[in-house]
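Here is the structure we will look at.
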Amino acid sequence: MMKFKRFKEIIGFGSLILSAVIVVLILGIMIFDIAAKGFEAISLKFLIDFPREGMTKGGIFPVIIGTIFVTIMTTLFSIPLGVSAAIYLSEYAKEGRFTRFVRAAIRNLAGIPSIVYGLFGVAIFVQGLNFGTSVLSSGLTLGLLTLPWIIATSEEALKTVPQDYREGALALGATKWQAIRSNVLPYAFPGILTSSILGLSRAAGETAPILFTGVVFYLPWLPGSVFDQFMALPYHIYILSTQHHAIDLVRPLAYGTTLVLIAIVFMLNLAAIILRYQLGRKYKK
Amino acid sequence: MDKIVMKDLSLFYGEKKIIDNINLNIPEKKITAIIGPSGCGKTSLLRCINRLNDLIPDAKIEGQLLFNEKDINTDDVDVVEIRKKIGMIFQKPNPFPKSIFENVAFGLRIEGIRDKRKISEIVEKSLRDSDLWGEVKFQLNGSALELSGGQQQRLCIARTLAIEPEVILMDEPCSALDPTSMLKIEELMKELKEQYTILLVTHNMQQASRVSDFTGFLYMGKIIEFGDTNQIFTRPKEKLTDDYISGRFA
Amino acid sequence: MKRIKEKAIYFFFFFTGILAVIILLGIFLMLLLNGLQTFKDVRFSDFFFGTVWNPSAYKESSYGILSMVVSTFMVTLGAMVIAVPLGIGTATYIAEIASERIKNFLRSVIGILAGIPSVVIGFIGIVLVGPFIAKVFNLSSGLNALNGSILLAAMSLPTIISISEEAIREVPKNYKVASYALGANRWTTLVRVTIPAAFSGIIVSIMLGIGRAIGETMTVLMVTGNAPAMPHSFFDSVRTMTATIAIEMGEVPYGTTHYYSLFAIGAVLFLISLGVNLVAELVTAKYRGAK
């Protein structure tokens, strides 16, 4: 009887460890495959050259630039708006049904499929406001997608500010806004910055919202204004691996592009973590 | 027979000595109370007996702990089986977030007992023996967390009785309860001692003198005095005991 | 003067605050208004219960979404079959057994997995998982529902693991101690006390995982084969709702019934994700209430 129980215990705990191992393996295999095959394709030329010969040779320079361009657009739109909304929720809003409703709306927005944001972008920005397929339309669409994340994480950062920071400023005669600006925001800044970078790194990897709002597979020049179309890393990977007329030939290019995208996402994540650590020490004297 | 015998028992948390060379005999089917000021090791002593201190990484026990004349402070003894024979009631009632029925049935289910009728019978008997049956018999499927504090504690007692232990360790079982519940549980203890050996830790001296047959005074990890409850409270042999009982230190 | 300035600032932040509500309503309205236009030409019952989706057919165009709805749920279900046991197992391991170092390592792994763009996961599906499936099951192509389920499982795992792990961690310690005192061993306590006590939190994690899987576009677009027919097995090529929108939005002329029907599909997706979210919130509320 005892032995059977022991046996059950060993099988049980063993299966738990197995689960964890499988999860690590999933990530490991992915990274390893992309890194191994991607490295072969990458060179300095790959990164700064334009694509040539129907995208079967050359580099991905305009693709990288396009991603940077549209991500900047996303930043301009989502960060100021998102942080402001977070300030409202954290500092000004009175708890009650309305505020709960606002928070519920944000949570629901976060769960909406990215393709639905794409539809919204087409209907409102491309068609409705007549921005056409452009960096602007895609940037705004991605901005909307990122907004709930920015609001939620910024609010969390603001919540960590101790109450006596606010009260101390108010007790000295500061107005509410002065107290926020001088005491609350600096303290929450590292957290807001970190989560913003993480949010933007997610936006950089998104494909669905930009599909019909501005991205193209091939552009002979770099986008000159926000009303131009653009190329982007995730879309490039998608086309190279599914719809290109010479799929096998361009497979190495696809690997290389994927490696570049992952590298950018990793670097942004790393930057966020490092920044949080550095700034955290500085501000929490 | 003495149900539990401690010979030179010491307990260390890392370098700190919490229990210092205790020699104590707990008689069978009687209520033995351990009294003493807070923080002097009463709870730790209790947790040695059902080997719950094993859960603390730094804890080390030296000496002999005899249960039914066999030392259970060794590596080859099956701790899980010991705990089925030595039950524990905690200071703060901690029923599981399950139904009243399932709380009491828990010990039976983990034993592998599947006979529905048998489980129901034992659950009812345990609830009767802990004086809770009348109050809950129509809501056995309700959540245990909705009971009052006193009821939850009696539920915990029923839960322990269901696995038919030989000893029940009670760690200040009434300290989180109101006076009425406390008296109910004291009555229950007196009924239970006919079948079970009860070791009660309490900082409430009046309680100890009301319910127990034997009392031990634990101070700074040492047993200062142990004997018949009446004798301890009316003619203590040690000055320290006398001081504590007369309230000269808390 | 200061008063007015403060008031203005308040109103500024107030408007940004309700922006989320405005956007949510805006999305809903946009989907609804555009989507409803479909039903000028298509009957409700044909749309929701028709199994053939062929809007650009020459003679009889049909707008039945049932096949793609079934495909979506099928791929999601398959993903959960894989992800739920793996996720709960890993979460339990992290919360209850792993040492501090392993905990941190696993949390980093999960964080990284969560951050991988969906198009990259789809790419892996094409270059690794697809050929693997084709080889093992002797198929000509590995682009099918099974592939989609595997990839969606990988994408839902971080959500399921992190939220379940939190739920398990938050189970009060005294339940465990009570269980040990009753003579249960570690495994029994885990299975009969700790996990059941964390049940609500685990359910929430699964709901959010499901929500993620249903709404995923690129991954399924790249690996499920995209045959718009009713699936009969996991080895069939399927097309989900999200993939349909993604594929056809690019080819559809503005202002046609076909154009509006894609918004109708979007509306269905929107409502499903709203529903899943609602259930998750109700369970969370009940969970907090019971505490």
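The letters A, B and C name the chains in turn, as written, and every chain counts its residues from 1.
Rule of thumb we're sticking to: contacts are C-beta pairs under 8 Å (C-beta built on N, C-alpha and C of every residue); 3 or more make two chains touch, one makes a residue touch a chain.
A quick note: this is a predicted structure, and the numbers were derived from the prediction, not measured.
Seen from the C-alpha centroid of chain A, the farthest chain centroid is that of B. Chain centroids computed from C-alpha atoms place C closest to the centre of all protein C-alpha atoms shown. Averaged C-alpha coordinates put the centre of chain A at 18 Å from the centre of chain C.
For the pair chain B and chain C, the distance between C-alpha centroids works out to 50 Å.
Chain A and chain B have centres, each the mean of its CA atoms, that are 56 Å apart. Multi-chain contact residues of chain C (touching two or more other chains): 185, 188. Residues of chain A in contact with at least two other chains: 5. Shared contact sites, meaning residues of chain B that touch two or more other chains, fall at 80-81.
Of all residues in chain A, those touching chain C in their complex are 5, 8-9, 12-13, 15-20, 22-24, 26-27, 29-30, 33-34, 81, 84-85, 87-89, 91-93, 101-102, 104-109, 111-120, 122-124, 127, 144, 147-148, 151, 175-177, 198, 201-202, 204-208, 211-212, 234-235, 237-238, 241-242, 251, 254-255, 258, 261-262, 265-266, 269. Residues 172, 174-175, 177-185, 188, 192-193, 196-197, 290 of chain C are the ones that touch chain B when the two sit in their complex.
Residues 50, 52, 55, 80-84, 87-88, 90, 92, 94-98, 106-107, 109-110, 143, 145, 156, 159-160, 163 of chain B touch chain C in their complex.
Note for the complex: chain C touches chain A at residues 2, 5-6, 9-10, 12-14, 16-21, 23-24, 26-27, 30-31, 34, 85-90, 92-94, 97-98, 106, 109-113, 115-124, 126-128, 154, 157, 161, 185-188, 190-191, 208, 211, 214-218, 221-222, 242, 245-246, 249-250, 254, 262-263, 266, 269-270, 273-274, 276-277, 281.
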